[in-house]
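Data first, discussion second: the structure below is written as structure tokens.
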Amino acid sequence: MKVRISLFGALRDADSRGFIELEIPEQSTIATLREALQHHVRDHAPAISPNLVQRSAFASEDEILHNHRAVPENGQLAILPPVSGG
Amino acid sequence: MKVRISLFGALRDADSRGFIELEIPEQSTIATLREALQHHVRDHAPAISPNLVQRSAFASEDEILHNHRAVPENGQLAILPPVSGG
Amino acid sequence: MTDIYTAVVDISHAPLDPAAALDFVSDPRFGGIATFIGRVRQHNLGRAVTGVSYDLFEPLALRTFQEIGERAREEVGGPLKLYIAHAKGHLSIGDFAVVIAAATAHRDEAFRACRLAIEAVKHEAPIWKQEHYVDGDSAWSEGCSLCEEHREAERMAANHDGDTHGHSR
Amino acid sequence: MTDIYTAVVDISHAPLDPAAALDFVSDPRFGGIATFIGRVRQHNLGRAVTGVSYDLFEPLALRTFQEIGERAREEVGGPLKLYIAHAKGHLSIGDFAVVIAAATAHRDEAFRACRLAIEAVKHEAPIWKQEHYVDGDSAWSEGCSLCEEHREAERMAANHDGDTHGHSR
């Protein structure tokens, strides 16, 4: 399946379009997606620290999706680096 | 000496003029003044609880005057019942 | 000190102004502003209130506010701007009774300074509140004694029972 | 719920409005209003700042604000009105980044609700701050991980060191 991951904060530098698209196996978990994204970032955005991806959370528009969760069927996600609002 | 004690809050009911004037010995302390005021209030404003005078503080415009302090030479004081600002 | 503003505002002339408090404490050094606003509410201890009157011993109230500001500055231990204004006169439901604003570099200090200031204003400043009730009755609020012997006794009672000073807004 | 207001405000259209926050939370039942306002300050960690940009994942930010409001309501355990608004876009020194107002019957609850809300907004909402410096450089602020494994680790570190999340305004 194709997933589209919206980028925020420091991770916007990973792709100037503001998102990354990846192909991952059907019924992948967030943990699998995280690994796939780490590979992608290593290859296409080497300036981004792998640690930053590691410390980031995935989310839908409704909630944070932890590592054991399934990737949403609509393939729409956001990756949220450590937050610094207020 | 003559002292003039300004009244506030619930103690305003002790004298509709907003103050009480008393004659007390020269070099009196606040404790002496408190006793004199209690006698005065008992005689002239019996509706005022003696306990209220007991719980009140005396003050100049600058500071609270505790029982051991001397009555100010200018004879101007305020009596402050328990406070309830804010 | 120009970084502590204190006022007693006769509200027959003008209401308390939270925007003025924000303006006063604003400063490019400061990232956090904590404010507290006390308003007259419709009920107190189960009785329907139509309004309140505040009586103040003004010169000592202003000195007390200033002294509270200096204590807040010590507590913060760094740059601080603090605004303390209390209303005087007859207030209706919804009117502002007290406005406090504290600005500091960081938020924790701002909250601490603001809280210290409102607690001190309530427990230490020579201010008296009279509540007016729907039935035409009125009563001066139970308060905190400023008399040292009684303060000590009340503090001990409060440690047992929580804040029992009766003016717990 | 109509007693919790949440907003993300694009400040190229309008600034955050503390007066609107006060209006929203005002209610004849409430005697205490605590507010927190975060403003852009001139220096952070010793560097001269010219402005900041806030990036937000809006739908989740709004849901998070709402969830924070519900948590504050549970904490208060009684009537509460709460206003949470955060700026988005480019802010200059002195601009408001966040405005929170909490109103309750009594002041202690208002302070607790306000503090709970600002802490949660800072540590949990999907919002990112980029600081722009006098020398033309810019940097995304160090933040709090929303990733459960890292949150746990950061919490343990914070218990040892105080709040070390690096965004301590």
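Per-chain numbering from 1; labels A, B, C and D assigned in written order.
Definition applied: a contact is a pair of C-beta atoms (placed from the backbone, for glycine too) under 8 Å apart; a residue touches a chain by one contact, two chains touch by 3 or more.
Predicted, not measured: the structure shown is a model, and the values here were computed from it.
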Exercise. Counting only C-alpha atoms to place each centre, which chain is farthest from chain A?
Worked result: B
For this session: Determine the centre-to-centre distance between chain A and chain B, using the mean Cα coordinates as centres, and give it in whole Å.
Result: 73
Problem set entry | Whole-Å gap between the CA centroids of chain B and chain C | 25
For this session: Please compute the C-alpha centroid of chain A, do the same for chain C, then give the distance between them in whole Å.
Result: 49
For this session: Could you list which residues of chain A touch at least two other chains?
Result: 86
Exercise. Of all residues in chain D, which are in touch with two or more distinct other chains?
Worked result: 38, 107, 118, 169
Problem set entry | All touching chain pairs, where touch follows the definition stated at the start | A-D, B-C, C-D
Exercise. Chain C touches which residues of chain B in the complex?
Worked result: 6, 8-10, 12, 54-57, 59-64, 66-67, 78, 80-86
Exercise. Which residues of chain D touch chain C in their complex?
Worked result: 18-19, 22, 26, 28-43, 93-94, 105-108, 110-111, 114-115, 118, 168-169
Exercise. For chain C, which residues are in contact with chain B within the complex?
Worked result: 38, 54-57, 59-61, 63, 86, 97-98, 118, 121-130, 140-150, 165-167, 169
